[in-house]
Amino acid sequence: MTSSALQTAVTEIAEEMAAREDRGDVASYIPELGRIDPRQFAISVVTRDGEIACGGDCDTAFSIQSISKVFTLTLALGIAGDRVWNRVGREPSGSPFNSIVQLEREKGIPRNPFINAGAIAVTDLVLAGHQPREAIGEILRFMQFLADDDAIFIDRNVALSENATGFNNRALANFMKGFGVLENEVEHVLGVYFHHCAIAMTCRQLALAGRFLAHNGVRPETGYSVVTPERARRINAIMLTCGHYDGSGEFAYRVGLPGKSGVGGGILAIVPGKASVCVWSPGLDVTGNSHLGRIALELLTSRLGWTVFGPGAV
Amino acid sequence: MTSSALQTAVTEIAEEMAAREDRGDVASYIPELGRIDPRQFAISVVTRDGEIACGGDCDTAFSIQSISKVFTLTLALGIAGDRVWNRVGREPSGSPFNSIVQLEREKGIPRNPFINAGAIAVTDLVLAGHQPREAIGEILRFMQFLADDDAIFIDRNVALSENATGFNNRALANFMKGFGVLENEVEHVLGVYFHHCAIAMTCRQLALAGRFLAHNGVRPETGYSVVTPERARRINAIMLTCGHYDGSGEFAYRVGLPGKSGVGGGILAIVPGKASVCVWSPGLDVTGNSHLGRIALELLTSRLGWTVFGPGAV
Amino acid sequence: MTSSALQTAVTEIAEEMAAREDRGDVASYIPELGRIDPRQFAISVVTRDGEIACGGDCDTAFSIQSISKVFTLTLALGIAGDRVWNRVGREPSGSPFNSIVQLEREKGIPRNPFINAGAIAVTDLVLAGHQPREAIGEILRFMQFLADDDAIFIDRNVALSENATGFNNRALANFMKGFGVLENEVEHVLGVYFHHCAIAMTCRQLALAGRFLAHNGVRPETGYSVVTPERARRINAIMLTCGHYDGSGEFAYRVGLPGKSGVGGGILAIVPGKASVCVWSPGLDVTGNSHLGRIALELLTSRLGWTVFGPGAV
Amino acid sequence: MTSSALQTAVTEIAEEMAAREDRGDVASYIPELGRIDPRQFAISVVTRDGEIACGGDCDTAFSIQSISKVFTLTLALGIAGDRVWNRVGREPSGSPFNSIVQLEREKGIPRNPFINAGAIAVTDLVLAGHQPREAIGEILRFMQFLADDDAIFIDRNVALSENATGFNNRALANFMKGFGVLENEVEHVLGVYFHHCAIAMTCRQLALAGRFLAHNGVRPETGYSVVTPERARRINAIMLTCGHYDGSGEFAYRVGLPGKSGVGGGILAIVPGKASVCVWSPGLDVTGNSHLGRIALELLTSRLGWTVFGPGAV
């Protein structure tokens, strides 16, 4: 594929998305997110060779929300290794993102690191006895490092907004604490969790940050190894089976790539060996995933033959 | 990869598996299956070029059980097209293979075509008003065609054994019938279901039958198109997210390929663009999937770099 | 209370009920019941002294449906004694009458004998290896004996209608059979179950049949002991906690008496030491209990001070 | 019954209980309660005439825990009337005392006021915008008034112990807050809740406090009306159907009286028109109810013919 072909596809998709009327609903349960203009759309693709194709508002920062869970999982695996899996499972949940039912049935062990409960358990491992402020700093610096951009910041208004209204996450965290699954104080864990969800990034930055997952754990432009090849593949596997809450099967069926969505409307998708992709549109579908984001990825992968499920990807 | 490298890997894995003491437990809830010797193991790989590498008991026929669900889904999509998705979902269930809880919550619509309830709903679509005998014949001929082997047969003792003890499946089918999800008579649907689960095949035959899923829907040796490339990819996607019941996440994490297991101890795995693989060992793990089969696949994919989640596959 | 006071209360209540427009919805899932005229209402009270006060259509036979569960439980306790409680619990279910979720969680043991699954398990104990025809005859004769009326009959059209459409009950029975909770053949148990639910009785007959529960297990006019005093009390206890499916708490709160409803629109209520009461009106509320029947009982108990929860009853 | 007959029964039961080896397990999840000596037992009965029969350690104060829920419900009904039922249901839960599953399914509305979630919702209504300190004072004064004993106190160590370890209750409260079921701040509501659960009373005091429920809402020795007769009956109804968590059916079946247990090992039982009874023994059964307490009540009611389900009570 020539670089112009990629840019052409990206540009066309951005135009098609701009023209659509169906945009889903902006997440309202975090007041600060409810104010975002739903007409925005962005797409960024970073290839192995370092080409960056962008369309739409791809230098507008948005709240990455649950996409941060991919990166805190990466950090926690570095800190705790496979001990992570004593605290959280690796199976799809068959439930909405904030369900507490499964936790009661399975003694406080969340099904996977990408539902809220699981990400809170992972955050507890990243915190690991440090001060919340230190852990927040470490996560932010990791994002800046991966995207090679010190301008990435935490939107404190979003973090405060989530803290003020995060009753469901507080319930999940206390419930797990009651089962002994969290080691640190609940409020400390939640403080870190709300802050890493409130990291603000552009599509361009997120696509850059995801590169190591597409390339055997290595940032291809520097050759720097972030994680082992096996670990990169396994994070991709969890993204594919669990990355879109109770819409994970649908995403695999339609898009056919590992991906992780956030209620801010972003989706990070990985094309193993080829590219790291980020799309963003604030309106969500009923499963809490970006409505236009998913459609844009479906168009992109269909046009470029990017899927892990067919020879087209190979 | 040279052909001898593949055969060497397969032979080594068969030897390693033969030496292991941990073999899981043979499924006992179908009396006829409970009598199988757990010390058996087989592995067959068919590449794009038509090379067949075999190890262990790969010409011993076993009960394919739930692996048949991949092929009845393929047939149902051919008969009913996307109407299939009005009757069955595409999401992982987060529950064991025979759970009825989800059906009650979701008005009789099974979560996916690879749990028992979903496969029964798919069988209803294949039956489509015909006589059970005709539908059974059609499914059997489809398997014979795909594997290019008329010797494939249905083990009627297994079918009778399942019919006599299949109370749980009978409960699932009646429950869905109560919600109007099945169109045909419950006993007719179950008759067809029990018979296609009782198809007996060897590892070699199953690996041959799976080729179209690895090659864009086409049987590579003949160029015959079984399904469209898009449909082949989507069946693979469902296999990856839902193919191992409540162990699907684990299989994706460890093996990294679309796959479908059966309680007879078989697993069919697809390496998109490269190969179709079948392993068999009758002992099951706690999630009902072949214990040594999964381990063998993990070894194979690790040695050959076969995974959909990394550049190794690409 | 003078006998005229009781008859006056009953007459007034029948008139008030006749005048109401809100009547609930007739059960439609059993086609034969769906044809009943919802404008009917009846009430019968039989006191310790043998006085019978009647209002409305109290000599019109209706399908007793789940009210039969009180009497099959009584028979099963006579046949199997406390072994009944190895097969069925004594706790409210917190679920609708036909829920299968609880059965999966609790290994096929129904929560209590008054939900469908529990009554099917009780019917299995009454069947006890006999022919279905014999068990059906025994249950019918028991009802005739208790009401002292050989005219009581089984409406075979209702039984056939339930058999033809009883997919949910067939699912429950097969599910329990899969857990080994039923000893007899599923279709035999269901045959008996559908027939005892299809017994047709008038309000007068049902109030007479319930006398032993109000009077320490004894039919007061003859002194004949049907069950021990302790067993009569305990059946009343289960009626109070479990007699109205997921509306049992509401019934206890509003009416304050042990009672058992059926989807035919009947309710049998027991005033310990004082009276046996039956009301009937075919329209049901959202929990599947007779809408006007419950209101009529609330009026009756309020006017007469009949409640087990206050000194009025004592 | 002569007064000596009652005292004889009470004395005998206390002796029988002292001799038993089976004592259940002291609640360990509240550390402060885990230190209680399990060999203690007490029983107190207060009749309509004011006779008080006592046996065992009936002047030893213990933590009343969930028994307080009867009294906060009484207060909340006085404050908010039937608006209470917009926040909490009246149905048995079919679940353990601390289950959060039902809350998720039913949008944050607890099934009844006697499971933890329901009692927290009731406490929110008692708090009603006041300072926690004032609400705690009001509840304590209500208990002192009902028992006519100003010595009743709150054990602050128990309250602190519950606060420090009450993760599950904190999860429940936050979960309800997320659904908008609580109006006050979560920590304020929990502060009041933990304190009223930590009220320390003797069996004698609790039996005295319960009199109004046995006597149409009136304290019989003074004629003072605490609640209307209808409300007293209805509180009794809820105690009978929901007073023992997932052992409520069993308690109704064996004891046959409205009752409310606490994990401190106390049970308050009401004999409508006759008596108020309190038993205490710290060891619990698997459903979290006092093991010997329930047995003692079964003996008492059996010997005295006290049951709401038979003519013996009438």
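Each chain gets a letter, A, B, C and D, in the order it is written, and its residues are counted from 1.
In this text, a residue touches a chain if its C-beta (ideal position, glycine included) is under 8 Å from a C-beta of that chain, and two chains touch if they have at least 3 such contacts.
On a predicted model such as this, the values are computed, not experimentally measured, just so you know.
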Neighbouring chains common to chain B and chain D, by label: A, C
Distance-maximising chain from chain B - centres being C-alpha averages: D
Distance between the centres, which are taken as Cα means, of chain D and chain A, whole angstrom: 48
Interchain centroid distance [CA atoms averaged], chain C/chain D, Å: 32
Mean-CA-position distance for chain C and chain A (Å): 55
Residues of chain C engaged with two or more neighbouring chains: none
All touching chain pairs, where touch follows the definition stated at the start: A-B, A-D, B-C, C-D
Touching residues (chain side chain A, partner chain D) in the complex: 99-101, 103-105, 167-168, 170-175, 177-178, 186
Residues on chain A engaged by chain B in the complex (per definition of touch): 89-95, 102, 111-112, 214-216, 229, 232-234, 236-238, 240-242, 246-250, 252-253, 256, 258, 272-274, 307-314
